[in-house]
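Just so it is clear, A, B, C and D label the chains in written order, and each chain counts residues from 1 on its own.
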């Protein structure tokens, strides 16, 4: 954690923009480069930045371990859920065409949720790894 | 011109790897590895693989470097001098290299539009993809739809690594409770 | 939705879904439930598909409803359905055993994650077997690899960490070799679908990139297969992993690699490319024989029983590869039958070793002195599995060796028959070392009061031992399916 | 010969990097350096896929009325997956290295192996 006032203020100003950028990368992936994986990394980077400036404990209060661990699992489950939705609606596994009466709209919907699943798992994993590595340094090796 | 840029960048990458192999200060090694990844990302932009370049910059130059530095911080170490002459590794590497020379010799030249990969499978993505999926970025369309199952596998790999690292590095519950007590 | 049509997807996706559920549930009892349900469901599905393939031929399933080669295809035929049944069947037996054994071997707050990793490992192995897409094979290979590194590292001994690290390095090198091989094939054909690749490669089997791809895939898969001399990672990995993990990996992981090798050799490159244009027959024969003799000899001198039988696995892989090298229906039948027979034998053996370890606190030869007296059932089971490794009539091991000998005779190679019998004598030697320790020594004073293994460990182990005997007496499932699969690979009507 | 090297330079670079990476993995004893080498070996293969995907004069495969020629999107997708697999492997490998360092006090492979071959071993504990 840093006590430098300038850094803390700058961080407070910057972090919302990083999160916004993550959202942009997530949703603009259809038209330009980007997608769930990249967005997940950027989102995790924002949280890591927060943890570096405000301390690991504060970051863990914002996004506690149980929540991060649940994100790791939830993303995969969301992806699988899209797959099962295809099954239930009469298509094959991961068939997006059946997700909407209009096949192309179904593709859109499927890709949207799948990318969301990727982003959730990736950001969760990156963040958890950071927590574990950083936590190892401070409370380990007493 | 495009080929020239790509080849120049590739040459730079080769130089950075040679320096990396000879460096024993691990901090320098990690910085060089980051540089290598960054060059790789630049090459990818030159090769029109913008999605891949973005990922390589974020992951190779970013996440990997941070992870390596984190691990180095926990291990505090300098590489020891190699104890024996690396004849066996040289032999293995040379053999692999020779097979690669043999194998890539007859491959289509750089930017050969008649190569099989441009004639089979991929054309449909480019010609029908926007209509079939409604998405102009074909990398996203192939990634999330045509080969969406691979991406499910990829997400699972990330999940596996994440859960595995939790299993390996998590401290016992008790110690966490101790920490909160005072 | 007609569940019947979607069995190929459910086969892999159900165990996959169990893993995040286990992580989400966190509690070690609650996490066990979905994983067990998914594992048993996977076994049931594989049996259903095996029956279906037997009746109406191969099943093709287009994931995401994108027709291959643009989308990813799942393909179940007589060979893959047998392997699916083997892998999920072993998992269905080993998982309940794991629940009992990890109580002693893994700290409690990691139990839920252990189940998740187990489910992922199963998912990966099933995915490799069922997929009809070269790159998808790599992705699922990595799922099974990453989860097995973790499973091995969960072992109690600190050497488990080193074994896992070395396995990770080996595994990644091998996966990269496979990606290079697949890449070369992709650049030549433009497709990733295995069947499509096979068709397009027909006219270019002598092109250099294709031959280089063959080399990379062979080395890459042989590393995973632990084919001699690329076997170094295996003994440590098996020796220091938790018992249930050793049993599961010993029974399935190398078998799935053999499957991948068969798939690439016969379905992608085609038998002519592999065996007519290159001296692959002789090459594989030499490696197989070297593995059979060197690894068996090394096994004799081990002090730790898990290591002893791990080396025995390397030797048994020699038999499996020997069958491929004959390039005949009988040879492949022997190979495929031995995949199953060796899987149940080694699976049972490692489960029993785990039970012995739970009782005696270790399984060095010195420690299991008098095992026959304190744990008579467990010791007897180990001896039965040992007999199968040797190839005594009435056990599964005999059946596959018999077909190997038939294949050798078909080719008129009498000297090979002699070598197969000779290598079996080496197996007698290493099994004898256990018999001597277990039956001709008194147990150590502090271990004299050890009791027979609890039912949670004994029942799964004896199911495997039972299968070892059953497949030795009734060969309709093993040899029957194997012959059908061999005929399919060589495109011979059976 | 020279023309061949120039027209196939991406392959030559790929195989050089692959060899260098493989050499570092096998020859070096430091567990972190090995992982760096492993990463180079893995990333070198990206060039094998991405190089041939490029068509000079083409653009990134984002379809738009303004362009006619695109580079091949399929290798891009495959390599995206490969990158993710690579970082997952690296993270897991580093976690193992951290644990090894805590259990052995060193991350030199020779030293780790030496510390396990104490004749005292498990037999002595009995």
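Just so we're on the same page, a residue touches a chain if its C-beta (ideal position, glycine included) is under 8 Å from a C-beta of that chain, and two chains touch if they have at least 3 such contacts.
In this text the structure is predicted, and so the values were computed from the model without any measurement.
Summed over C-beta pairs in contact, the chain pair with the top total is B-D.
Note: the chain lying farthest from chain A is C, by mean C-alpha position.
Computed from the mean C-alpha positions, the centre of chain B lies at a distance of 6 Å from the centre of chain D. The mean-CA centres of chain A and chain C are about 36 angstrom from one another, to the nearest whole unit.
Chain A and chain B, compared by their mean Cα positions, are separated by 20 Å. Between the CA-based centres of chain A and chain D the separation comes to 25 Å, rounded to the whole angstrom.
Multi-chain contact residues of chain B (touching two or more other chains) are listed as 50-51, 55, 59, 63, 67, 70-71, 74, 100, 104-105, 107-108, 115, 117-118, 121-122, 125, 136-137, 139, 141, 143, 145, 147-154, 156-161, 163-166, 168-170.
Counting partner chains per residue, chain D has residues 18, 22, 48, 52, 60, 62, 74-75, 78, 80-81, 84-85, 88-89, 91-92, 94-99 touching two or more of them. Residue positions of chain A touching 2 or more other chains: 31-33, 37, 69, 72-73, 76, 80, 83, 93-94, 96, 129, 132-133, 136, 140. Interchain contacts join each chain to each other chain, per the touch definition above.
Of all residues in chain B, those touching chain D in their complex are 2-3, 6-7, 10-11, 13-14, 17-18, 20-21, 26, 29-30, 33, 36-37, 40, 43-44, 47-52, 55-56, 59-60, 63-64, 67-68, 70-72, 74-75, 77, 79-80, 82-83, 86, 88-90, 92-94, 96-97, 100-101, 104-105, 107-113, 115, 117-118, 121-122, 125-126, 129-130, 136-139, 141-143, 147, 150-151, 153-154, 157-158, 160-161, 164-165, 168-169. Across the complex, chain C is touched by residues 18, 22, 25, 31, 34, 38, 41-42, 45, 48-49, 52, 74-75, 78, 81-82, 85, 88-89, 92-93, 96-97, 99-100, 103-104, 112-113, 116, 122-123, 126 of chain D. On the chain D side of its complex with chain A, the touching residues are 60, 62, 80, 84, 91, 94-95, 98, 102. Across the complex, chain B is touched by residues 4, 6-24, 26-30, 32-33, 35-37, 39-40, 43, 46-48, 50-64, 69-81, 83-92, 94-99, 101, 106-108, 110-111 of chain D. Residues 1, 6, 9-10, 13, 16-17, 19-21, 23-24, 26, 61-65 of chain C are the ones touching chain A in the complex.
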